[in-house]
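In the part that follows, the structures are each spelled out as structure tokens.
Both complexes below contain chain A, partnered by chain B and then by chain C.
Right, the complex of A and B next:
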């Protein structure tokens, strides 16, 4: 289990950084989808099966489709992108920032590794998830419904075909 | 000890992803790239919630929170992509500096 999680953590980090750094928006969207897929595997290995299914199907699938649709609707020439947004110059320091942050985080982790909590054994929870989601977290369900309706209305308003006064 | 190293590895990866996402938010002007930066940071947050559930043994509650955060993440992405497309239709680019020219 740990080998799979470590591999997926590495993949997620690499694809996450690529998603941020690549000039091509299409490649960025695909790298983000790959990072989502790696996160889905990590969630599955940590026992969060339903969250993993949502992560892979929604974040890795639906969000990528949304990004690719948005990119295809904006036909900016790929060669002009670095010139227009100066991403090359602006993102050049990210690897340096990440290396320094990584070293600092490793030092902090080594100094505090003994104070981290030890995981408690996980019980069999297939029915409990259903019970928690539908019975104990009803406010979350209503919140999700309201957020979805708000999103749908926002998109409807954004793409409204109206005449200018 | 190996469990604590395992947790540390997840925490370090998550923090590096949050730093990448925030750096992208600060440094880029492309609207789609900004949404991608938000998504990258949100992935790390989802991973932290799942890790907290794994540590406490209360994974079901963590899963419900992650599902809620995924729904919010998708709606944010959809609305922001809609704004980006409208921005492109209006100004011919997705540069967020154009947003300051909008009126109303």
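Right, the complex of A and C next:
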């Protein structure tokens, strides 16, 4: 289990950096989806099965579809971006920020390990998943539906060319 | 039997807070383009009127049954244990009424200021209402965060939707600050979940006192710092206020009314109310909120004095006025909460009035630079009267509505042994008067420039909004003691 978690953590880091550094918006969106999928696997392995399903379906799946739709509507790619954007110096401090953030996360993780709740076994949670999703997280389902509607409207408003009525 | 029927009616009405905006999005999207262009604003106005009416009806039904709170589910069966994920109470109903009122004003102003993208404006207004309604109706911190995201996303698109340079810049600043707030809040919620094992209000309130070890205390305090920072960003409180004047100035005035009139209160202030309520056993939280409030009052007022753009002054005034609201919350008392809720309502009213004045000036004068104006009360008497009424209410002059809310907040501070903060709040009213006197003098009084000789008063829905808000401000001030007696008689306070 630990090997899977650490491998996925590494993949998440790599795809996360690629999402920021790639100049093609399309490739960047795909890298973000891959980072999100790796996070979903970590959540599953740590017992947060419903969070993993949401992460993979919404963040990795649906959000990527919205991003790709928006990119295809706007037709913006590397060739349209100003030269300034391609300046490699903007990433000079990125490794330092990542290292400091990593150290801070490790310190927080070590200092709070004693107060962490014991993860619930995956099988038990899986049995209750339907009940938890539909009965205990009712408000969140409505919230998710409204987020999706807002996202779709946002793509239409910001990226569609021409005047709307 | 009749009481039970009434109570069921509360739930039936409360469902409308979600159903009406969703239905309007569906209808507005499915309408043919030309028809949508003609009826979109009427649909938006209908949603605002229904929201205000539903909130008022539920408020009177609850108080008639002497109930403080009523839980309900949305389409799911309430009999399933744990499915009551929404709840209405006196506070949430006042917030819902304010959302409806500000929506009506925004649509009235939009009718004259939004010339294209009408359908998109109304659809996004509905998602904004859905987000705000959800925030005040949920009973779980994570659900609160989910709906907060809806509010943030809708606000960002509303600011950016007309694609002007300033609008896009304001939207980008709002987006960056909003993302920071999101990261802070999610991390804070994760820390609380690690400690309590639940994010439902009732469980957090009970379990938070169980932290005993040093590491557990550190975790809870870290969570509180992160959550306070997140909500302070959303509120536009100092030192997290940098996005607010740019966003409010650059947005279309119909959208500035929404942002300043209600969004900062639901997305930020309501979060503070929930936090102080859940963590009232942590003494540092009250003092932290009080300090943020005091600094916001003074800094917002001082910055407002230095501005020359009408909307920018009103935006900085919002920074200052939310400081008063935060001071009311910091007392943690019933009196303080009452003052807070009344000031939220009053602020929604007079800030909407001031932004309606901005819309009127922009329509007629064509500029919002106060140095280019003067003597406009001779040509725009309704706008001048509305502006003076809003100014007197903001400053807290009796018998206008703002007087009562500020009085309640200062009394609550005094009774909570926070006399220093009460003194500062009182003295800071002079700053409020200073920047508003400057704006009134430069815009409406003095000599009328020759170029404005042929200027006329604004007409149509903007004028109607100005008159309506002035009437509400005056009537609220005059009849407020009666409202207090009603609330006391019904056991609400």
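Observations on the model:
Following the convention adopted for this analysis, the second predicted complex is superposed on the first by the 84 of 165 C-alpha atoms of A that agree within 3 Å, B and C clash if a C-alpha of one lies under 4 Å from a C-alpha of the other, contacts with A are read in each partner's own complex, and residues count from 1 in each chain.
Operating definition for what follows: a residue touches a chain if its C-beta (ideal position, glycine included) is under 8 Å from a C-beta of that chain, and two chains touch if they have at least 3 such contacts.
None of these values were measured; they are calculated from a predicted model.
When the two complexes are overlaid on their common chain A, residue A:2 makes contact with chain B while staying clear of chain C.
Of the two partner chains, both chain B and chain C are touched by A:147. In the superposition on chain A, A:65 makes contact with neither chain B nor chain C. In the superposed model, A:19 lies in contact with chain B only, and not with chain C. Applying the stated contact rule after C-alpha superposition, one finds that A:43 touches chain B and leaves chain C untouched. By the document's definition of touching, of the two partners only chain B reaches A:51; chain C does not.
In the superposition on chain A, A:138 makes contact with chain C only, while chain B stays out of contact range. Partner contacting the larger number of chain A residues, of chain B and chain C: B.
Judged by the document's definition of touching, chain A residues 114, 116-117, 136-137, 140, 143-144, 147, 150-151, 154, 158 lie at the interface with chain B and also at the interface with chain C.
Those residues of chain A whose C-beta lies close enough to touch chain C in the complex are 111-112, 114-117, 134-140, 142-144, 146-147, 149-151, 153-154, 156-158, 163-165.
Partner chain A is touched in their complex by these residues of chain C: 18, 25, 33-34, 36-37, 40, 73-74, 76, 80-83, 85-86, 116-120, 123-124, 127, 130-131, 134, 137-140, 142-143, 146-147, 149-150, 153-154, 156-157, 160-161, 191, 194-195, 197, 213, 215-216, 218-219. Residue ranges on chain B touching chain A, taken from their complex, read 1-13, 15-17, 19-21, 23-24, 27-30, 32-33, 35-37, 39-40, 43-44, 46-47, 50-51, 53-57, 59-68, 70-75, 77-79, 81-86, 88, 93-95. Against chain B, in their complex, chain A makes its touches with residues 2, 5-6, 9, 12-13, 16-17, 19-20, 25, 28-29, 32, 35-36, 39, 42-43, 46-51, 54-55, 58-59, 62-63, 66-67, 69-71, 73-74, 76, 81, 84-87, 90-91, 94, 97-98, 101-102, 105-106, 109, 113-114, 116-123, 125, 128-129, 131-133, 136-137, 140, 143-144, 147-148, 150-151, 154-155, 158-159.
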